[in-house]
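Please see the structure below; I have some questions.
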Amino acid sequence: MIAEHTLTQQYLRIRHHSEAICRGLETEDYVVQPTADVSPPKWHLGHITWFWETFVLVPHAPGYRVFHEDFSFVFNSYYETVGKRVLRTDRGNLSRPTVAQVYAYRAYVDEQMSRFLDDAEPTPELIALLELGFNHEQQHQELLITDIKYILGHNPLLPAVEMPIRENPTLATSPDAHISEGIYIIGYQGDGFCFDNELGLHRVYLNDTTLSGALVTNGEYLEFIQAGGYQQFKYWLSDGWAWVKRTGAKAPLYWHTVDGIWHTYTFDGLQPVDPDAAVSHVSQYEADAYARWKGTRLPTEFEWEAAADQFNWGSRWEWTNSAYLPYPGFTTAEGAVGEYNGKFMSGQIVLRGASVATPDGHARSTYRNFFQPHTQWQYTGIRLVK
Amino acid sequence: MIAEHTLTQQYLRIRHHSEAICRGLETEDYVVQPTADVSPPKWHLGHITWFWETFVLVPHAPGYRVFHEDFSFVFNSYYETVGKRVLRTDRGNLSRPTVAQVYAYRAYVDEQMSRFLDDAEPTPELIALLELGFNHEQQHQELLITDIKYILGHNPLLPAVEMPIRENPTLATSPDAHISEGIYIIGYQGDGFCFDNELGLHRVYLNDTTLSGALVTNGEYLEFIQAGGYQQFKYWLSDGWAWVKRTGAKAPLYWHTVDGIWHTYTFDGLQPVDPDAAVSHVSQYEADAYARWKGTRLPTEFEWEAAADQFNWGSRWEWTNSAYLPYPGFTTAEGAVGEYNGKFMSGQIVLRGASVATPDGHARSTYRNFFQPHTQWQYTGIRLVK
Amino acid sequence: MIAEHTLTQQYLRIRHHSEAICRGLETEDYVVQPTADVSPPKWHLGHITWFWETFVLVPHAPGYRVFHEDFSFVFNSYYETVGKRVLRTDRGNLSRPTVAQVYAYRAYVDEQMSRFLDDAEPTPELIALLELGFNHEQQHQELLITDIKYILGHNPLLPAVEMPIRENPTLATSPDAHISEGIYIIGYQGDGFCFDNELGLHRVYLNDTTLSGALVTNGEYLEFIQAGGYQQFKYWLSDGWAWVKRTGAKAPLYWHTVDGIWHTYTFDGLQPVDPDAAVSHVSQYEADAYARWKGTRLPTEFEWEAAADQFNWGSRWEWTNSAYLPYPGFTTAEGAVGEYNGKFMSGQIVLRGASVATPDGHARSTYRNFFQPHTQWQYTGIRLVK
Amino acid sequence: MIAEHTLTQQYLRIRHHSEAICRGLETEDYVVQPTADVSPPKWHLGHITWFWETFVLVPHAPGYRVFHEDFSFVFNSYYETVGKRVLRTDRGNLSRPTVAQVYAYRAYVDEQMSRFLDDAEPTPELIALLELGFNHEQQHQELLITDIKYILGHNPLLPAVEMPIRENPTLATSPDAHISEGIYIIGYQGDGFCFDNELGLHRVYLNDTTLSGALVTNGEYLEFIQAGGYQQFKYWLSDGWAWVKRTGAKAPLYWHTVDGIWHTYTFDGLQPVDPDAAVSHVSQYEADAYARWKGTRLPTEFEWEAAADQFNWGSRWEWTNSAYLPYPGFTTAEGAVGEYNGKFMSGQIVLRGASVATPDGHARSTYRNFFQPHTQWQYTGIRLVK
């Protein structure tokens, strides 16, 4: 629950963090979109601002005037269906609005929001809407970091940039985590915020299982590479093998050999791979193949949730072996704000935990992140069933 | 368990059924491949023969000589990796071997198999291998029927052909099926044959659920079409909506309007849609959208299995809301014969039940069929949770 | 000019040649289409029959009844725009009409045509129409041969088949051909049949040029391969290099190394490459790169026509360096019969001469054949400017 | 010929014009690449600088130090084959080097060039190299203008921007131009600069022809649109019709209907189409279809050159009916500088004249511009044969 007297401060604190992430960027870095999954940073900054404008200010702040009437189809995720002019508006092709205009848009909305929040009646409905907005902005903060890494990590100059995260934190070692056969309750049980896909509290029956207390390290993953893991059909799912063949994948994203030594792009530029750090930027296909090579498997999301308080997590999103599907009793909320999670319950894999890019306070052991299995650009890692 | 004294007869009975399915075909019908999912009938007939040759005769029949040394890379599902010459060998581009040669191949292998089985020691290993072969051939029998339907149903002459199945059987009505909250055991518990993906007997915890006793009919589905179901984003999964946009889907596969009346291609040629028959040839995207339009959902594969003895099933493969994933304890068998189910545990959806094209004796309530969610060419239908 | 009293015989003689080309085929060989440029032999046989039916019998033979009303959209080159049902009708996916039905169609039309021609008044209009029909059928006869070669030459069994041509004839050697600077008249000047694209008799001014009397041989082309010609950007047009990279081309079509020896598929099966035979099945990109490697160039179509009576030609279509464009004064004839050549005057290259697959009497030194520059499946060869 | 004492001034004058074109841009406008044909302005600015550095300073200026060793693979047109790291470096995905760095690069090279030119011996070789560099930069100046128009004209805000050209100049009317049958000399005959593709002076024989003294206007082209020109197969080349179907083209590039009125994007923003201005931004397919609809044709490049001094030209590049092919005697110059024109002599169409975006002094009546026939983003127009 949000303490009532801090609404404006909380709003501004979260808003400032989005800008802090971008502090090291050049104007040009805000603009490009090297692949469809990545959005230009300026689009993220505009989109989350548009969210506050559209879902809070327009319906709730009397007399509010929108900053620019055309921004709704530039910064709306679904703008294809709203646009009045028939123009392809791929995000990475848009030089306008400029970065300065986007920051002006943010400043305008922040001022209006502050004024609104200072006077607002903290009704449960408003609190719920603000919490959704905070969490929406935090999701985009994580994407801002991973998208900036992709943009700079695919530039031939491989530039370093200041970024307020530590990509390879030292985590205290955990013992392996054991869960005993029986019934477990799955889903969010607290009284704070959670997304709709975590609701639908329900029981699952799990078998005896042991999860590794540690994530797979770069050094361990390197053994898989050196053992010819990427050349052997038998370790891979059929779709995964097709992905290897199509992309020519030979290692995690951002890995390059320089004079025979594996390096990886980081926010400090190209660095030798640290064998003790947790492997990152692997697809679920790679995680699954690695597990088969080790003679084991990835945990299900239910095993993970049941065991999560027994180990340290939070540096890598951990691929599970669970497809992203609705919990029993899941219902899609009415209206544009609530609908979006359910739409993606096809073809995606659940990731659990959080990563070094996840904003403080945005992590929960019941959080269900989800991406397509070929995805590598998030800070994704591997925890094995033993 | 197969009764020992009938091995040869059982073998021949199953083999003859494959040929019975093709009895009405012209030579040309055996050759074409109008889409990647469909294989030419002659390829099916050759492939299942190659299976017997490769996995039974070559390793177990002393002195066996292969019929033609080049057939292994023509009829092997994985022949791309075995071929000695670098030629594209897309199945639908191959006029040779001819249909007559494929039937000669079958006759040769059948004679050798008969001779072998007459004298064979019915060891458990042999019985297991034969049962796998029988089930493998039966899987291809169902595909033969659906692939022939696709080939003829995409020919502008829409020819009728004799086929030993009834596409729209009259099923006795079942009452709705109720399962009570609690633990259910999932997986194959008999001592006959089952596929590896049905093993890994395990418990699941299910909530109170009611499944409809009846499949959705054409008439009911037509209401969805007429209500503009295919035009409204809100009923569709994100991937499903992209599929609608990409394919221009407006109705189940094989449906055409003739003078404003919906018709459907059947083995009797183009016929008016029967409103009382169970809808068929829908993708999971369509099944899911229909369910949302009705305010409900598809069952999970576990709910289906737990409730299956309460209703009649077997005319349509029933889309579930479960991704095709390994059961706890699933392990991939060693070697080429056993491996293939596990490879596909990514991006596929489980279908339960059986269809009018499923051979007698090949249906089990624990059977886990699986296809990608856009697939329509199987006899796929819809059962709703109430 | 066709002698008036032989119309029926001439018609039947040409018709029978189409069937003679197919004599060695299995039914299955008539059906497949391994690439978009190739049509199934049964489509060719049906299409040229449809031409006679549509353009001669229907408008001119009183009381003629079409063989089958649906054949017009199956065998019409432009049937996509005529079809009454919305079905994809890619030629290679059509098992029906069967080969037997196509032959029945031919027999029916031949009988009706014979009856019609026996009684017909040989007006100039009719003679012109018949000549167009004869030449149209002869064009498809050449395509039948090259398409059959493609179908069988892309089958992993590489079957031999009887074909009434000699692929590598021995041609008497010609001296080099010299043309002197000056004005030359280009275009068809006879009073027999020619296509519309040969008309528009006009003058061109040519420089002193010498054309080789001989075609480039396999042995000579092999030197280009062995000199690394396919690996060096500098010899290739930009589009040609992109084609090499996209297709991985390393040699002419149908060439394969077997134990280090270059072989080529012929109608006698796979045979060692004959170093003395004229190279065949090269794209214009390859012809152009070969010429650059030799420090010379391909002739223009005008140089070729001006020099053509000085050398033997007729075993290979000879790539020129001329784009396929209208002659001055070219006009598109009115109506469906006449229009088709002009439509393709974009993106195509002129080939001159004729090939071993060209029917007797179909070759003229003014004939302008044309294909896209990447095309290899015709009997295409190289003659250099010296 | 360049007057010897003005080398530095001439250099700087041309260099400054490139920057003048970009004066109205925001930083973001320099970065994006909405389609493959368009390059980001910052790439153009860097590439032409790299040209001076690589072909003049590095080989000729003693002791020159390159500005940044990585820029050669960022700004080299052919950098794909030179790169030391395996990274996709699509131009539109590169945020770095920044615009400021590119301007610093320009300033550095300009200073070094000035110093070099002040002292340089004006040998014929140096003069020739400088002239090539000037013309190369001028080519990119025209592309800068058309690429900027594409970038802004595909932005949903359709921003206006200052640009030192007049898009729709008023041209004095010319009478129709007549050429009489006979021999004409084609190719560059002056003693100034020309590109290699204009050399190979040669004679062509032309028929009596009349070219319109005026370009087709928007108003005239609008009649074609309103007559259903884009809906009728018969006016279009086969490739052109495929282009219409694939792209959904209904009008020239940049045309939009607003409340039923045709508007077009200009550097002043969206403006109503001026019926009296010369039509622009049409593909050759459109130019050719328009000509057929009018019952006439486009001129050949030889007719155009022979008639060019009889009419005003220079506001639109004029599509011809000539493929881009070598003149007799054309030879590719040795080395990287000279080679590039010959590489593209496949699949391209010649345009003659010049456009409102062509820099002063860069136009010649023998200039052979060339683009693929579907191209629309240049200032391309239509002049008909009468």
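A, B, C and D are the chain letters, set down in written order, and residue numbers restart from 1 in every chain.
Convention: a contact is a pair of C-beta atoms (placed from the backbone, for glycine too) under 8 Å apart; a residue touches a chain by one contact, two chains touch by 3 or more.
Bear in mind the structure is a predicted one, so any value in this text is a computation, not a measurement.
**Student:** Can you list every chain that touches chain A and also touches chain B?
**Tutor:** Intersection of chain A and chain B contact lists gives nothing.
**Student:** Could you tell me which chain lies farthest from chain C when each chain's centre is the average position of its Cα atoms?
**Tutor:** The most remote chain is A.
**Student:** CA centre of chain A versus CA centre of chain C: separation in Å?
**Tutor:** Computed from C-alpha means, the inter-chain centre distance equals 58 Å.
**Student:** Using mean CA coordinates as chain centres, what's the gap between chain C and chain D in Å?
**Tutor:** So the centre of chain C lies 37 Å away from the centre of chain D.
**Student:** Which whole number of Å gives the spacing of the CA centres of chain B and chain C?
**Tutor:** 44
**Student:** Identify every two-chain combination in which the chains touch.
**Tutor:** A-B, A-D, B-C, C-D
**Student:** Residue numbers of chain C touching chain D in their complex, please.
**Tutor:** For chain C paired with chain D, touching residues are 81, 183, 202-207, 233-234, 237-240, 285, 288, 297, 321-323, 325-326, 328-329, 339, 343-347, 373.
**Student:** How about chain C: which of its residues touch chain B in the complex?
**Tutor:** Going through chain C, the ones touching chain B are 26-34, 42, 70, 73-74, 83, 85-90, 92-99, 151-152, 154-159, 256.
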